[in-house]
Amino acid sequence: MKKFVNDPADVLAEALRGIQAAHPDVRVDAENRVILRAEPTRAGKVALVSGGGSGHEPMHGGFVGLGMLDAAAAGEVFTSPTPDQVLAATQAVDSGAGVLHIVKNYTGDVLNFEMAAELAAAEGVQVESVVVADDVAVTDSTWTAGRRGTGTTVILEKIVGALAEEGADLAAVAELARRVSAAGRSMGVALTSCTVPAAGRPTFELPDDEMEVGVGIHGEPGRSRVKLASAREIAKLMVDPIVHDFGEPVGPAIVLLSGLGGTPLIEQYLLYGEIAPLLAEAGVDVQRVLIGDYITSLDMAGASLTVVKADDDMLRLWDAPVATPGLRWGA
Amino acid sequence: MTGAVSTDDLVAWVRAFRDAVHAHKDELTRLDSEIGDADHGSNMARGLDAVVAELDPAPASPSDLFKTVGMTLVSSVGGASGPLYGTLFLRMGPALGTETEVDAEGLGAALRAGVEGVVARGKAEPGDKTMIDALSPALDAWDAAAAAGPAEAARAAAEAAARGRDATEPLVARKGRASYLGERSAGHLDPGATSATLLLEALRDTLAGAA
Amino acid sequence: MKKFVNDPADVLAEALRGIQAAHPDVRVDAENRVILRAEPTRAGKVALVSGGGSGHEPMHGGFVGLGMLDAAAAGEVFTSPTPDQVLAATQAVDSGAGVLHIVKNYTGDVLNFEMAAELAAAEGVQVESVVVADDVAVTDSTWTAGRRGTGTTVILEKIVGALAEEGADLAAVAELARRVSAAGRSMGVALTSCTVPAAGRPTFELPDDEMEVGVGIHGEPGRSRVKLASAREIAKLMVDPIVHDFGEPVGPAIVLLSGLGGTPLIEQYLLYGEIAPLLAEAGVDVQRVLIGDYITSLDMAGASLTVVKADDDMLRLWDAPVATPGLRWGA
Amino acid sequence: MTGAVSTDDLVAWVRAFRDAVHAHKDELTRLDSEIGDADHGSNMARGLDAVVAELDPAPASPSDLFKTVGMTLVSSVGGASGPLYGTLFLRMGPALGTETEVDAEGLGAALRAGVEGVVARGKAEPGDKTMIDALSPALDAWDAAAAAGPAEAARAAAEAAARGRDATEPLVARKGRASYLGERSAGHLDPGATSATLLLEALRDTLAGAA
């Protein structure tokens, strides 16, 4: 296993130490493994709390800061945080105006956040939750755990964070969060597996001439394994199911192309060069683009594409100032 | 032993479960690599290490023990298995009152309350390819054998759990992370059903040893 | 070769297409393979031009924009751009106030920029050049090509770009560039090789239990190959030679820890968690930190550490607004 | 042929060099992987393809040819080899005036001017493990054999170049990217000395064929 690591059991604690050393604008609660803004929540501001398994950096801890999250609970690698962690985050950032939990749709995340919300409510904190389930690779059915939550989470945290920063109340913040969540679709492709440090070897073996289409951000195998294709063909494998899933003309949209951790930017750009014309052809009017490693899967080579249908309000909030370790502009 | 199970026996069970999880940690992670995200072994091992650290001094009663185990699992495991195994133990306690010993029927009722809690949390049904596929038949086997005493009930339950675990192999997952795989989830044992079988086998071994 | 790529011969042209599609604030001159700001240079502003082989993204094209570069010439993968490209970039951005060439110390870069500067001078453009040579892994000697230029380049482009934005003249801009260049030291470690698309296989083979210490950003093998070590030991292998090379107490500094392309952020943070205390012990007073993929080596797993001794002036310019695809704050 | 080398012969040389570079592209890149950055094969192939695209219509004289070749290499190769090979050809032209044919002495003088240009640009000395280690002995061999005519001079030069290339193997590089490796650069042929040998071998083969 070729990683910058000491004892694999210490990965999370030690990564948090690095985050604290690098970013004076955030505060790491090492005991609870929670990343918070250095400044307490402004009175009256609704707080945004997210979290999930680690290994997806900069998500979520890297999105804590002005205009985005107030706190993020960091679980072990690929393991949802515990209710205690989420509760600690929630209590730490509630200014009295309530807290929005932003949850990605995985059984573990949903259950742990649910328990935390119950505990927080018992302590008198108003909590609303939004569950992101945007991965079109997964058949959405009442017979399954439903779609995974992926890239839409990043866009949601930015847009809804801006609204909370403006002083909107919890109901309005939660309502917008649900709108953004409903407006997003994602699709990922892996060229290699990732290696979970504690497991010590790749989660799956991919022959040199194959790739996983519809892979999850935890190295869950995808829906199909196919021959390694050109960037041009891969772009189609990503764009088509998203556009098809929208069903209706998309119109103005915010697009995120995220590397999965082991794919360098030059390849992401090359891939986006193939994606952009396909989106245009399909009637997606790309208003804003984010390219880079925003939601990763440890060292996996691959990329995920997210398209969020965006109205004027969302675009305005997207453009509002943000100052976090992972996303920053206007401040 | 045909009669009562003591608090010490149950503490020994929890310790034996911890040892079994450590012995099978890599296997659990390997199973979770095939249809999940390669963390079930380390999740369970981390949780049970935390649990064992809470067992000194030993809890005063089975219900205290189960409360401690459940709360510790909830707050140290995370993932899907944390809240689910945590709920299993948290719900077992109240069924037992403050007794310091429990008989086969009582332990069976506690297990049933625990498993019902897991179902209430996770909404899985038998056949969904989850830990329920090991736990649910184990309960029925326990009840059928309870009259023969706890050691025999545990033996029957462990056997039923193992059968239930094995039966997950051909199934298409409908709950948890493996469900994302659709048809590709068939052909692999469910990791949670495998760890749940370890739980019942640890009980069998503990009660057999105590007999 | 597991990459998002079509024909390996087209990597650069196609990546540039993606850059253009993603970033409306830059303009790609596809014929000359030059990335420019969308807006022409403000009259009287000294222009900054850099460039080099591709495969190091976001460097340099990702640093074109307000407060940083005016143009970047993109060579083929790992191949310095031609004089024609650099000349085209230089002429396109000269407002009459002159142009600073920021060159990394590789024979190819130096020769091609030199020829371009001669041609530009012949066309009446005032050109000054600064050569960055900060890689302490390389013995600096009159008998060799000297040190490679690596991470200090990024910090220099930011700081000097801010001074140019303020309206300083060419002499002042070049003088600061030389000061920053002299104040920087870097050291890199590779856990895996990169794969040059046109070559189709890894530049070097590294056994599973070995790493390259002092590797170059083009996959040039390092100075020594040693057993794979823990993050803690690697941090020491990076910090010690840098501190030793400064020779004198460093004091206030700007630090860049860059992933090399295949190493995810979680590992970079973990590594920085080990680096930070070592720097503090050695008397480096870290004032600003940048962590992420800023100067990469295609898909290489590894990291490079750069320390630039920074005076108040440099820190002030570091904090000034910057708005580029790869680095952005305050705007 | 003992006498004159025509413009056509020299065009054929450049084409033969291009073919040789393509045939040895992977080898050049492999050598550059060992002590450099794995691009010498594709750099040279790209440059010579661009050169060949400029040869139609054929240049009117050797000096026109060399100017075209040099300028095209400079503007299409990049890296260290672009300016250096470019300079080699750019400096060869002026030594030849406007003649359409050239004899062994004249071609030798042009090569010498070219190599001096490379040295002026790159500051390499013999023994630094660069293309100079092939080019410099080739010049001397050429001059010594020039009286026997261009075909024989080219044969001698190619042989000397190959010897010079082989002699780079044990050397520690002092110029170019390989110099970063220090002692580790020993034990590998220099890629540029290898491509320079191809250049002189292409000349040998062309003039032998034309003889």
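Labels A, B, C and D are assigned to the chains in the order they are written; within every chain, residues are numbered from 1.
Rule of thumb we're sticking to: a contact is a pair of C-beta atoms (placed from the backbone, for glycine too) under 8 Å apart; a residue touches a chain by one contact, two chains touch by 3 or more.
Everything numeric here is computed off the predicted structure, so don't read it as measured data.
Colleague: Treating subunit A as absent and keeping all other coordinates fixed, how do the remaining chains group by touch?
Modeller: Taking subunit A away leaves these connected sets: B | C, D.
Colleague: Report the inter-chain centroid distance for subunit B and subunit C in whole angstrom, where each centroid is the mean of the CA atoms.
Modeller: Using C-alpha averages as centres, the distance is 55 Å.
Colleague: Subunit C to subunit D: how many Å between their CA centres?
Modeller: 32
Colleague: Give me the residues of subunit C that touch two or more other chains.
Modeller: 77
Colleague: Looking only at which chains touch which, which shape fits best: line, ring, star, complete or other?
Modeller: Per interface graph, the chains form a line.
Colleague: Every pair of chains that touch: which are they?
Modeller: A-B, A-C, C-D
Colleague: Help me check something: in the complex, which residues belonging to subunit C touch subunit D?
Modeller: Going through subunit C, the ones touching subunit D are 9, 53, 75-85, 106-108, 111-112, 114-115, 135, 137-139, 143-145, 148, 196, 198-199, 203-204, 216, 218-221, 223-224.
Colleague: Within their complex, state which residues of subunit D touch subunit C.
Modeller: Its residues touching subunit C are 29, 33-39, 41-43, 46, 74-84, 121-122, 174-177, 179-182, 184.
Colleague: Under the touch definition given earlier, write down the residues of subunit C that touch subunit A in their complex.
Modeller: 2-6, 11, 14-19, 21-23, 54-55, 57-58, 62, 77, 191-192, 208, 211, 228, 230-232, 234, 257, 261-274, 276, 289, 291-293, 296, 298-299, 301, 303, 323, 328-331
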